[in-house]
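As structure tokens, here come the structures.
In the two complexes that follow, chain A is the common piece, with chain B as its partner first and chain C second.
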Partner chain A sequence: MAVKNFGFSISRPRTIDMDKNNLRKSNEILRELPELQACIGCGSCTASCSAGLLTQFNFRKMHTLVRRGEYEGVYKELSKCMLCGKCRMVCPRNINTRKVVLLIKRTLGDF
Partner chain B sequence: MIMQTDVVVVGGGVAGIKAACELCQAGSKCVLVERDSVLGGKLRGWHKLFPSFTSSSDVIEELLNELKQSNVECLLGSEVVYISSTLCRLASGTEIQCRAVILATGYNLFDARIKEEYGYGIYDNVITSVDLERMFHTGTISTLSGAAPEKVAILHCVGSRDEKVCQRHCSKVCCITAVKQAIEIKKMLPNSEVFNFYMDMRMFGPGYEELYLTAQKQYNVHFIRGRISEAAQLPKGRLQIKAEDTLTARPLIMSVDMLVLMVGMKAPKQNALFALATGLELQPSGFISSKDLFLEAVLTSVPGIFVAGTVTAPKTIGESISEATMASRAALKFIEG
Partner chain C sequence: MRRGAWEDYQKDIADDKYYYARSCIRQNFFPGSEKAFLNIVGRDLGREVFDDPLHTSCTGIGYHSDIVPYETIMTVVARQFSLMHEAGFENFISSCITSFGIYTEILNTWEEFPETEEKTRESLYKATKRELYKPKNLAHTSDVIFHLRDEIKQRMKYPLVNHLTGEKLRVVEHIGCHYAKIFPKRGIGGSEFPYVLAGMIESWGGDVVDYPERRHCCGFGFRNYLVQANRGYSIANSHKKLESMAPYRPDFIVCNCPGCTMFLDKWQYTIAEMEGTTYGEAGQGIPVLTYEEMAGLVLGYDPWELGMQMHAVNVEPLLNKMGVEYDPAAKYLGPNGKYIGKPLQSVVNSSRGNTSLYDIKK
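For the complex of A and B:
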């Protein structure tokens, strides 16, 4: 007899567990582009983002997650970026945001 | 015993020392009264100062030299228990009659044990920013077991901006102190990882934002926006901390070898006693009110009582010393009529 699906499931914990996360890739990215660490989370990049206007894409959140070692789904999300470069023009910390997109995608690969 | 002088300076921290020097150099008679057996106030406990990493002892030495040359009369180990604009009474019963008083009695440090959720005084490796300065003094940072910590969390705003402990105000200097201390840890232990948990980064002074950038880019200090909600002790004295990483809107947990609490500045209880006796006005924070924030910051609601330094609000050393100069000038003008 097939097990009946009552629609219940176990939610995955949402907690970022910094003990379990492996920061090796994140550190690799930061070593190549130390300026990414200067981010102050202002959100100008996200506010100016063409892709973010039409989708859930949030560039600030993506690279913050990467810095916490949360890589899953990031490659796919960053593929929404059209590399228009508007974020780079507004970033007050002068971070090369387009390079951030390309570097993260190159380092992480498709997770 | 009854003494007489022109101006009594109460408190021998940086503000009080500077005020006394200025008064004597201008030819007025003054007595500097300090509760401790040494002068210098809180600076005695700091190792190197933000934002330039100048030795705290250099600043104290410089001021003490000036004091020596100014021939100031100092009463050490003497607590002032009562003031009016014409009289100061010491705990010993000695009374000093005067024509003006400069109050430079400073601040108290917030007692971190009150924030029980962080376990200061309970867990092995929860320390305060003050304890860390002491470690810098000795030249080694270590956990209770004697090992160098590999992972350190620094928590901003402990006992500041927190209605739960009746401390609504921002203590102003702890953000930049946290950045300074993070860099100092990384300088001493380059392989360690340092995480600063902050609510806002308040880099208000010259060179502070630059130091923050240096901490980020050059020293790889991680800044996580979120207040740690609690700490719990793990085996071997390690600690598990919980916070929200508000920039990703996710809860975050992490274990560290050491948790440093950035304790804030608290208004001493004696401010209320002084206020009661003299009619000085207090702010809701418990610090003494200036007569006017813009034009008469060193005057108070009571003619003849002047203020300098952190007795009115959290301030840096430079700000406290500048105010001391202003306060002594104002006091001189007052007694000269």
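For the complex of A and C:
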């Protein structure tokens, strides 16, 4: 069938379907670092991030996606982190954010 | 929901003497609908409806596209109300859902902020030397048909029933967002349980389909559509609704908003051309009707007189189900018998056996 070009295409939904996502890796990370569950999503980590000043890197987005089972591209994105640890100093819930970065990278591998 | 709360979401609809405000875009896409309304309410049911040639667009499309400022649209609306008073009417009815939303919003603004009303009064006088008179009753034309649904039922020729099997037709009703999502108490049933179209369908013998994305927007959204590059977002909304309703095998869709009727109809054509997906039976699209067309069919009007040849999705499968008598050869003949042209063959109307979405899912 010849497909007509209308100058636009159907935008795909950005819904995260938790029933379809495989949460095994995510649960593994939370088991090893249960304090991550205390995150209130305030975004202080992202606001103070050195890498975020220079690139589009967003730590809060990354670990939220991982916890929801969306792993694609996360390893590459987390490689932008310079492990300076400023995010850990500002975290109101005292989460070891550097460990979160390393743990996610180690658990997921180059997904 | 509390039983008592339902009473808060009813509205008074005038019974006679209507001042009719037409829609800007409807006559281009569904050319027979407004005429059908005038015929049904005026000629068949004996109500007085004044179709004023002096009224203008409410400029709602410009307003929602950030082109027309609120002060301007209030003055335009004030002029319409003033024309209504000059014609000797007090009950204002609009054919368009966007207009209905605009009129409701402006009347509420004037109620909440009397100084704004005063300013509009001044602007109207300066611009046109007219005085502002607010309507006693404001309704959408689907409210009027809902109000008269039992009288239509008494004259019913073809109920919403499959005449071959005797089964009730499964009807998807879609309410325009500006009907009750802005001011829920101005619509019958509010924004969550709007009953205006469901009431007509139930009264005329059909079954209302309750599907997951029933209250989702069709995707018109003005700014989402006006720029070509953004239309992918607009079509995604209709796509979501159609995907959601298809497994329920609706016989047709009925809408009370000009934009929704147009988009749910024409996006089916676009989706079929883009992806080859169709949502109705036998690989065809799902016919989309305006409520006047539905009322007209129920009353036995000729489908070509109702302008149903202008739909992107062919309506013949529905007409055959209802047992409506029509002349297939007269489809593309205008009222004077002149050939009006014919659309090219499209995927959405070509029957391809069992390749509809429903069959794939099954």
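Heads up, the rule we're going with is that the second predicted complex is superposed on the first by the 98 of 111 C-alpha atoms of A that agree within 3 Å, B and C clash if a C-alpha of one lies under 4 Å from a C-alpha of the other, contacts with A are read in each partner's own complex, and residues count from 1 in each chain.
As a convention for this text, contacts are C-beta pairs under 8 Å (C-beta built on N, C-alpha and C of every residue); 3 or more make two chains touch, one makes a residue touch a chain.
Only a predicted model underlies this, so the values are computations on that prediction, with no experimental measurement involved.
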{"item": "First (chain B), second (chain C), both or neither touched by A:D17", "value": "first"}
{"item": "Which superposed partner A:E35 touches (first chain B, second chain C, both, neither)", "value": "first"}
{"item": "Partner chain in contact with A:R60 - chain B first, chain C second, else both or neither", "value": "first"}
{"item": "Touching partner for A:K4 - first (chain B), second (chain C), both, neither", "value": "second"}
{"item": "Chain A: partner with more touched residues, chain B or chain C", "value": "B"}
{"item": "Which superposed partner A:E70 touches (first chain B, second chain C, both, neither)", "value": "first"}
{"item": "Residue ranges of chain B in contact with chain A within the complex", "value": "201, 213, 216-218, 220, 222, 225, 245, 247-255"}
{"item": "Sites on chain A touched by chain C in the complex", "value": "1, 3-4, 6-13"}
{"item": "Touch list for chain A against partner chain B, complex", "value": "14-19, 30, 34-35, 37-38, 40-41, 60-61, 64-65, 67-68, 70, 93"}
{"item": "Residues of chain C defined as touching chain A within the complex", "value": "228-233, 235-236, 239-240, 270-271, 273-276, 347"}
